[in-house]
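Structures follow.
First subunit A sits with subunit B, and in the next complex the same chain sits with subunit C.
Let's turn to the complex of A and B:
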């Protein structure tokens, strides 16, 4: 046993002196997580910056002096909604003439331009059933499609309100006529009542995370999920760096010389596995602690975090050994290993987190060990207990056992 | 000059013989393009939505009916416990809770709350929430319009008038279909015009992912050439070359030319795949596209030469290329559009030539950019390439 640890200790010291390996193991996941946190607002929940929108209001107000109202502008209603204080974090609106509004979009300064036509109010406020139709134009930059979609959704809501007011007016006119009452008064009263009911749809749609075992769960910040994905992904590279010493020593002749000593081969390979496992274990612990210190990530219960780290280290180290058992040279190990880890990272959700939840990709994620580990980390971050991560720990361990058995089989044939 | 081409040809031959390099130069970028294209393009699948309802009233029934007819979600009715578990397991994109009293509160004009259950960061949850908000909002507006109309029209002459809070079923029953008919044929609609889009062009997820992955993986193709340069330095091959008639400048030029041609050929294949496999319209302006391809290969080859000159081991090169390519890709908008990031991130991103090149490529594809439009990207790329080249020549060593 002491010889296993002697070999493991030698490899660990060698890794700790290897600057490129340390960069891949520690700096890369932390730097990329910091970068993505920086991209989406500093590490808390996912947030995006306000969409720049140019508005050109060509609408001519309609005079309704008979009802005592000086004038009404449906266009200004839409502008008011776009500029409302509730939307100031979502939209950054500036009113411009039509040509300037289009130029803002063409020049990439605005994601979209909202162009309200001249006949907008006259069409909206008409109760005639033969009224011509009108349309607000959303002139959007297709390379800024998300901002365009947000603007589209908000303008759609504004139009729904206006069409709703018009529907109220039309229905009131028809019912009033049927009841033998004044048509004009009913229309004005219906619009006033409709608008007075709140000016919003009256339905709020709120979002919350699913409950774990009937308990209320925490909402997960984006940085925790991103760092968990990056940590699992770069643990593969960490394991690969250490396991590659088998190839280096084989190439340099130190491994064959070691085989001539009284140390059994299983002890030598056991030492290599131990060093790989301990290295990625240390890597994961450092990243988790750094995540807590630098990004204030609440990883969840200690036992849950420990189980996930142990399982992840087992998968990463056994896969690292399997890749090394298949290839012949360190260069092959670098290229094939990187390819395998990138595909696993892609399919397992290391780059996309939970973005694919509920789709076909979510099923694909469950075919990979890192996909299951990320499910476990998601539950840990939401405050789940050990009972919530039974499968996310057991299934990666099964992968680890299979990878390890295959690696041992390959090494036995290779060093027979 | 002949010796430059011979040296470049030797490196290209080595790369062609290394089948592993195909993995990074062609296979991986195509796989990632397809994956991210489908992921961000939404696909044609409807999102599975678990629904449980504590209300059996008319408004709840109508809302569930509208959701079942939706092109965005596929409704699966289940119990609350099953729905929570299905979302947690990733089998459902989200779950919707329709609370008890939903129909009554809506009819009474009281505010109502629908709850969408989903895991953090899921794009599916955002799509479900938007769809539920839209359909429920439409229904609420219809109800409000009917109530306002019934209250405003009043009862037949001779009967006492009423308020919104105390409407008769008869008045509402009369107003609701009229309001519904009006809302079904709105006079004011929204017309979306894509600036610079070709006739009939609808942006897809591949328009975003294809140029992004091209930039992401262009640097990976430098691994083989970079490793070869490091090995030649370690094996004293470069030093021995100096005993021949090859000049130092020819050696450097040969290495850069090899990397330039390699990345250029890679771009041709990836762009052809994007155009013909994924329907990305790269060829709207071939001249502008050619300039962007030259810019990309110039930046990549000079960066490759610099990294291979600076780094001493293959392992260091692999680590640096992986980390640099991921960081540069994220900052340049290859993974996600920069429009959703903060102004500081966008500013930092646009200090890199790759962000400008991506803007140029996406502009060509989606907005019909021509040569004049991609000139800023070309100038930035040329300035960066010149800087990288000077640094690489300064740091170029024949031995460690």
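Let's turn to the complex of A and C:
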């Protein structure tokens, strides 16, 4: 065991003295994430991580007998639409009092607040001839990327439906009037107003950006996910770097020389496996800590982060070793390895983030270990607990075990 | 008592069509002796060492090292041997000391014993003051010394040295050869390979001459040299009176044969040291002056030439 550690420590130390390797393992993912995170404006469409929306429903339900509509709150209808199961991957809605809703936008905890005014129902259900107007306020943080506009278009859609319902109510009222009921003139005028204005609603969405300055909004989503993707991708290269020393040591004669010492071959290869694993583990820990320090990424619960790092290191090191066990020369290792890792990176969403579940792309991602890891990181970043990452950790570990087993098999045959 | 017994060792790379690098080699090495394998490039020296180090599986035959078979008991063999590979096999980005400590661990040393041995070996290879420098900053000769030092850490019973003096300056070579002799004097058994005739001659208690994977002669230096006869050749030129001088030299004590080869005399003598003064005396008595003398003692070079029809170094 101490000999395994001696070999691992020697390789770790070599890596630490190897500036180009360090640049590739640490500087590249951090720099790329900083660039990409900046390009995406710090939030939004890189991932499908749902937009967080705070809703303040100030609406008072109305009881109007004249409209013929049952007592109801139009505000709750809008809330219901926003919370509908079809939208649960896009919006993550929480109801809050108005002040708290605005605060969560100011604090970066939500991309937008939807504030439904107190007179909302009364306007929606009004049959009055002079169409009253009111507005749903969309309180949005412009630095949060497109999260706000997603919310806006959904609220728009909801209002369109409500206005449609209102038009139908008006029509019903009109029919009633035609049957000899009272104030038919007024109702007719109201309907005309609707039709004449091309169905434009009596309710509009007003946007009001919060005051900038003061507290800087905390960057929750994008950079963390970009960095997670980059980290797993560059861990493949980190692992490959160390695993490749099996080939370079074979060339330089140190591996054959090791085989002439009383240290058994399985211990020597075990040491190489350990150094590969420990190197990428160190790489991941450094990147996660750097992400926290430089980008203020809130990675999530410590146990969840630890599990994800351990699983990622297992996948990266086993794959790196497998590639090395197959190729013959260090040069081949570089070329073939880079190809394999790039394809996996692309398929697994290392550059694009996790796809919306149910899509073909999401299925493809979930065929790769790094795709699963990214799902895990996405959940961790969104505050998921250990229970949420059981599969995103277990499935990569299964990949790792298979890769390790294949690599051991190949190396055994090679160095028998 | 033989500590190494090699029996009909064979190695064919990439059978069935590959090179037959070692073709049924047998020899013994006695406890405490220096045994050299002398042969030209590609003779199969390194391949033999690799099999005796349990690095390569023999295609046939076996060898016992310290009583253990390299085929069936490699672990015990590896504990008994120290191997100095032909090419420097060390970590250039680590210091001399770090290298020694690492390899010491691989030989199963630990703790205080490891540090003590590292200190002793650094002393032995005279690199104490450079121990903290990275190997990549070392000269070729210094690297060679570390390369040897690594194999001494665990005090092996048998040391294999595969051409340890290739490509270094005469001074470093001298210190390495002296070091090897000192190790032998402390009781270590040494298997040495070289293609330098002079090294084999100077170092070895016994020598095996190898060519094309086969052992073509084994013995002490003197035994081998006898293959080409014990007499030295002496070539002589004189300023005049060559015919008369050859007749007179033929009568001199210790000269077994004297003849004329075109413009000079060729004598076979039993001991050049004793005979040469008498040759000069005879020339002076006859009023003739010797202008050139060339003595060729019998040597391994001549043995190799005699046995293979080729020079040792092409």
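Here are some notes:
The rule is simple: the second predicted complex is superposed on the first by the 233 of 416 C-alpha atoms of A that agree within 3 Å, B and C clash if a C-alpha of one lies under 4 Å from a C-alpha of the other, contacts with A are read in each partner's own complex, and residues count from 1 in each chain.
One rule holds in what follows: a residue touches a chain if its C-beta (ideal position, glycine included) is under 8 Å from a C-beta of that chain, and two chains touch if they have at least 3 such contacts.
Values in this document were obtained by computation on a predicted structure and should not be read as measured data.
In the superposed three-chain model, the partner touching more residues of subunit A is B, compared with the other of subunit B and subunit C. Touch criterion met: A:35 reaches subunit B, while subunit C stays clear of it.
In the overlay built on the shared chain, the residue A:329 is in contact with neither subunit B nor subunit C.
Of the two partner chains placed by superposition, only subunit C is touched by A:261; subunit B is not.
Residue contacts after overlaying the shared chain place A:21 against subunit B, while subunit C stays out of touching range. Of the two partner chains placed by superposition, only subunit C is touched by A:253; subunit B is not.
In the superposition on chain A, A:366 contacts subunit B only, with no contact to subunit C. Applying the stated touch rule to the two superposed structures, the overlap between the subunit B and subunit C interfaces on subunit A comprises residues 18.
Residues of subunit A touching subunit C in their complex: 2-3, 6, 10, 13-14, 17-18, 252-254, 256-264. Only residues 50, 53-55, 75, 78-79, 81, 83, 85, 87-91, 93-94, 102-103, 105-108, 110, 150 of subunit C touch subunit A when the two sit together in their complex. The part of subunit B that touches subunit A in the complex is made up of residues 20-21, 23-24, 28, 31-32, 35, 39, 43, 45, 47-48, 81, 84-85, 87-88, 90-95, 106, 109-125, 129-130, 132-134, 136-157, 164, 171, 174-176, 178-180, 182-183, 186-197, 203, 207-208, 223, 227, 313-316, 318-320, 322-323, 326-327, 330-331, 335-337, 339-345, 359, 362-363, 366-367.
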